[in-house]
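This structure is in structure tokens; I'll ask about it shortly.
The letters A, B, C, D and E name the chains in turn, as written, and every chain counts its residues from 1.
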């Protein structure tokens, strides 16, 4: 796969707090245009925090950045609120825990995701794509979100991200709770999307599958980046094998 | 200079803030006058007046706290208020227990003064007013069947409505009150009750409600086709009634303490003073408060001199209050018998085409 | 340390009573203290439901009314010669002994009224239950208004006679004493209840009712216990209130009264007993202090409360207790705790 | 007598058939796996067993006693404890309290005793606390006794949930996706934990999991659901080879979970 | 005779229920987004009535000697209605900005915000009392009253106006919430506020929009109410507000159709109990019905229990 080398997202020396608790202690990394980058690490290492900081989710839900910078194609992202990131910059996040709108139907969830889109003409094609990807959602399209099974909700969360028409997507543990078959499906889809030009930053517990599809990866531990490199190099690193590949 | 402190236990917020405001305004005028004239002469000493206004929020528990605060913290000589019975009854107990004279200008519930030597009032009682109204509608409107609409949750209208019903049925026989309808404080829509009343075939509607509810009742009744007379009680007697009611209330009658229009002498003077200062004709609460304060000062003067010992002075004032005879109030002549209630006349007022409250008839016990 | 605080409270109570008898504490201060006590009972008992259990009850005054009327009617009937019930049933002096009994009966009556809320709470919660509590408040008020025997809207009185009967037997400020005792007992009962594993079941219901039920907490029974305890205590507060005032009127027990208690609970912090106590004190005293502001009082006080919320958005204490806010207190408490 | 027996269990949500004709016998000491595609009805089966839903049809017997339709706290008191797919700890109560409150049915005292603190209250409170402390110790959560669950790392929260279920002293433990959100290292620890619990507490365990590493290494027996129906049943090796299971669930590729 | 008063009462109940419905719609709208029982809503309704009063009397020339232009009373009515709605919306938004938003940002339990709302209501009521005095105001009669009698049933033009407006408002709001994207966003916020910005939706804008909508509906209700019951007082919103809240919950809080139907239902219960039972028992019976209804149907008419998927 050809890798593009223009850094799209750049995170420099990021320090992040929740109240008085420090979650990130100065991490730096970048994601190039068209890349799939994986973020690995144990529970509580700060992976979700990293994604939330990029997304600028305001407190109380989100963390506060106390130091450091985030740029996107050279533009400083720190002052930009989340909804603008989605609508104007085309950066999307599929958060940990899915966050489906339980009181809306599946279809409404998808519709809402296209709220800020301007290219209305591609909408129908996108619905088709989501439904062909997750036929289960098509069956359940008029069901309320909160009655979906765990895996179905995960599908819907992914579906929403596609519908919002973003070019750069942050995924927080997308495979959580997915059946094996579906998980393979999902990563195949991600690969397709990437080939079609989508840049992806994915947080994943399942390092095996993440390293299989990613170009590069970073390893977080207790709020610091302790290792980075190409996916292949990391796959063969004995330390990684021991800690993350089981 | 020496001062005489008088406490006011009045509702400046809550359900009936206007009542508190009127009381305060009347008191301010009186205080201003007396102080400007050098003060109140008691025996051979003149005293400056200090009035302490405390808000009882129109709540019973607040009224007792207010009374106690005035008595113990502020050391007032006597208390004027509370105005409505809901507050006056418990506050009366407090004043009586603490041996402090209290005059409620406006509370018409018999319980307020019952067995309380220190508690007085400046108005007549419901058991008196009810029959006055019943007799009046019988004589004036030749009414044989009457309808009543009142607020069940407020004890003044409720008491009066019941006394009216008793009196009317005494004259016309049981069942002659063909509709006895109720609502609850702060209701705005009376259409269901009025629909019943219109259909009941009554000759007159008696509604002892406050001036701010009357316009709504009257207008809705008329809209639903009521064309017969409507009779009210002293609670109608506010200058605001006409402002709120407009033409709709003209021609109706109500029993009250005094008639503003065509008033003479001291009454007229008071009305003019009040009107000049605050821009509207004082209502009965204002007039009664004025009288209550003057009653108090009459008793104070009659003591022949204050000792400076609060307990003694309060006792003396209480004694003198029970002896007040033929006090010329702006709401009529009052004489106190033991029991704290004045004997005084009621008047029936008719709302003229000019919207003034004209004296129509007077009824004495 | 815990027994120390009980001792301190008892001492304080004795001092107050002595002060009242010796006229060092004037009757206005006494009254304010009694209101504080009653408000403490009200706010801490409502906190059990609204704070610890996480429901939103807005009809506490209704239960207060039930207790107030039952206790008052019984007392007037038993111990005084009244126009309604005729001569007294028991010799008036027996009020000294039987007063707590009637108070308790009032509480039990209110607790039974609490069932009106507890049973619907099995199937609904949140704002729907709020409306049910509101409805119960209205039903109680309207029922009393329709009960002409006990005065209806004109109110009920005669409790002064009961108090006087007690005073003539033993000349001490009886109502003050009972308020102090009831306040102390309320805090004691609630403290022990919410600190037992059994009582913490209601906190589990607040956090996650489904998990609580599935983890063997009988949620229905716990809700019954919480609602009945809470309303029962409110009933006792009502009984005391009636005797402080000497006169009760259904118009006193409206939503406005309920919301006053509500404000105390949230000002103190949901699920914090010390918060409830403190806010009852602050609010009662504050409202008295601001009395001279007249009309502006009810502008200034809410404004202050809003500002307070902005700075301390979880109430004075949040979910915490005095011991969490001042850890040194907690360390001393903890020593005893381990022995349980 | 078998521990749990389910006969012809069927459940509908409105028109949606979530579970259909499920039959199952669970002997004491067994470790049964329940797998199947997302939305197959696995969690629903657990919900039916623990009393959260009342089955549309069918019978559930625990040691010969029908428990279908009993309220959940009763079912739990009879000996079935569970964990949740999405963690449901009591977040404003401490870790220690979380382990105590779950023993509610064992308390044997009520409001009055809790206020009077009678000897029987003290005894039962002490017992509850002892159980909780022991579990804390066993699960390696001692340091977190006074912590609030939401401040714990995810893996420890899962562990705490298992601990909470164990504090009930169940005969049957239902685990709903305990490995979700865990990294491979933690998954290994979890496998050890499950095995250890099984022998230490002599429990019967029923497990829902998508993590094949867990399922294949701990289960004696696996049941596979799809659209609410059983499509396969057997030992891990049998199930792994089953065509329908591969088609519907596992996928053709080399399993990504080793 | 019986039928005649029956139909008269149906009409009475329609008007009375309309007001409950109108106010309940505003309640539900805000609730539907923030899960906030906006206890200040009844008082915003009161503020609406007062603003309407001042604009109307200003336009009638009560303050300046003469206005440079003279408008017909109907024109004044329409104009003051529109201006009132705009100004009151401003009040609602201001309260949101000053009192609710900071708390929301801190992520506190919604019940603390509810208490803040209660406080805001008190400030509006008593601030009004303190600033404008205790005098009641009489809302001018702008619409020439016409009364028609059909088969003994009295119908006034104002009744018709009120009822028709309520139905139109309901249809409008229902369309907004059900069919438009902003409506969908409103519902989404109520469920999971954190995820909404991730859909590219500015949460605060949607919330402000909601307050504008809710407060202007309260203003509309206020002006219509003042037209039908022309006595204004600072506490006029408190009781109606509570009752409207009850109506909203009765219908299933957060549901537009629920508020609409709940309002009418409460209106009907109150009027018909007063009409066919001793009216002293009105509250007792009405609230007992409510209690039983909610015990049987615990989530109101349209309310759907949040499915608990475990």
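Throughout what follows, a residue touches a chain if its C-beta (ideal position, glycine included) is under 8 Å from a C-beta of that chain, and two chains touch if they have at least 3 such contacts.
Quantities reported herein were computed from a predicted structural model and do not represent experimental measurements.
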Shared interface partners, meaning chains that touch chain C and chain E: B, D
Interchain contact steps from chain A to chain E (minimum; 1 if touching): 1
If a chain touches chain B and chain D alike, it appears here: C, E
Furthest chain, CA centroid comparison against chain D: B
Centroid-based (C-alpha) most distant chain relative to chain A: B
C-D or D-E - the one linked by more C-beta pairs in contact: C-D
CA centroid of chain A to CA centroid of chain D, Å: 30
Centre distance in Å when chain B and chain E are each reduced to the mean of their C-alpha atoms: 36
Chain A and chain C: spacing of chain centres that average the CA atoms, whole Å: 52
Junction residues of chain E - those touching two or more other chains: 106, 126, 129, 280, 282-283, 310
Junction residues of chain C, two or more chains touched: 141-142, 145, 210, 295, 297-298
Sequence positions of chain B contacting 2 or more other chains: 12-13, 17, 152, 184
Touching pairs - complete list by chain label: A-D, A-E, B-C, B-E, C-D, C-E, D-E
Touching residues on chain B, where the partner in the complex is chain C: 12-13, 17, 53-55, 57, 59-61, 64-66, 68-69, 71-73, 85-86, 89-90, 93-94, 97-98, 109, 111, 152-155, 158-159, 184-185
Complex contacts: residues of chain A adjacent to chain E: 55, 57-61, 81-84, 86-87, 92-93, 95, 99-104, 108, 111-113, 115-117, 144, 146-148, 160, 164
Touch list for chain A against partner chain D, complex: 40-44, 97, 136, 140, 143, 147-152, 154-155, 173, 176-185, 205-209, 212, 243-246
Partner chain D, residues of chain C touching it in the complex: 188-189, 192-193, 196-201, 203-204, 206-208, 210-220, 225, 229, 271, 319, 340
Of all residues in chain E, those that touch chain A in their complex: 105-107, 181, 184-185, 187-188, 190-203, 304, 306-307, 309
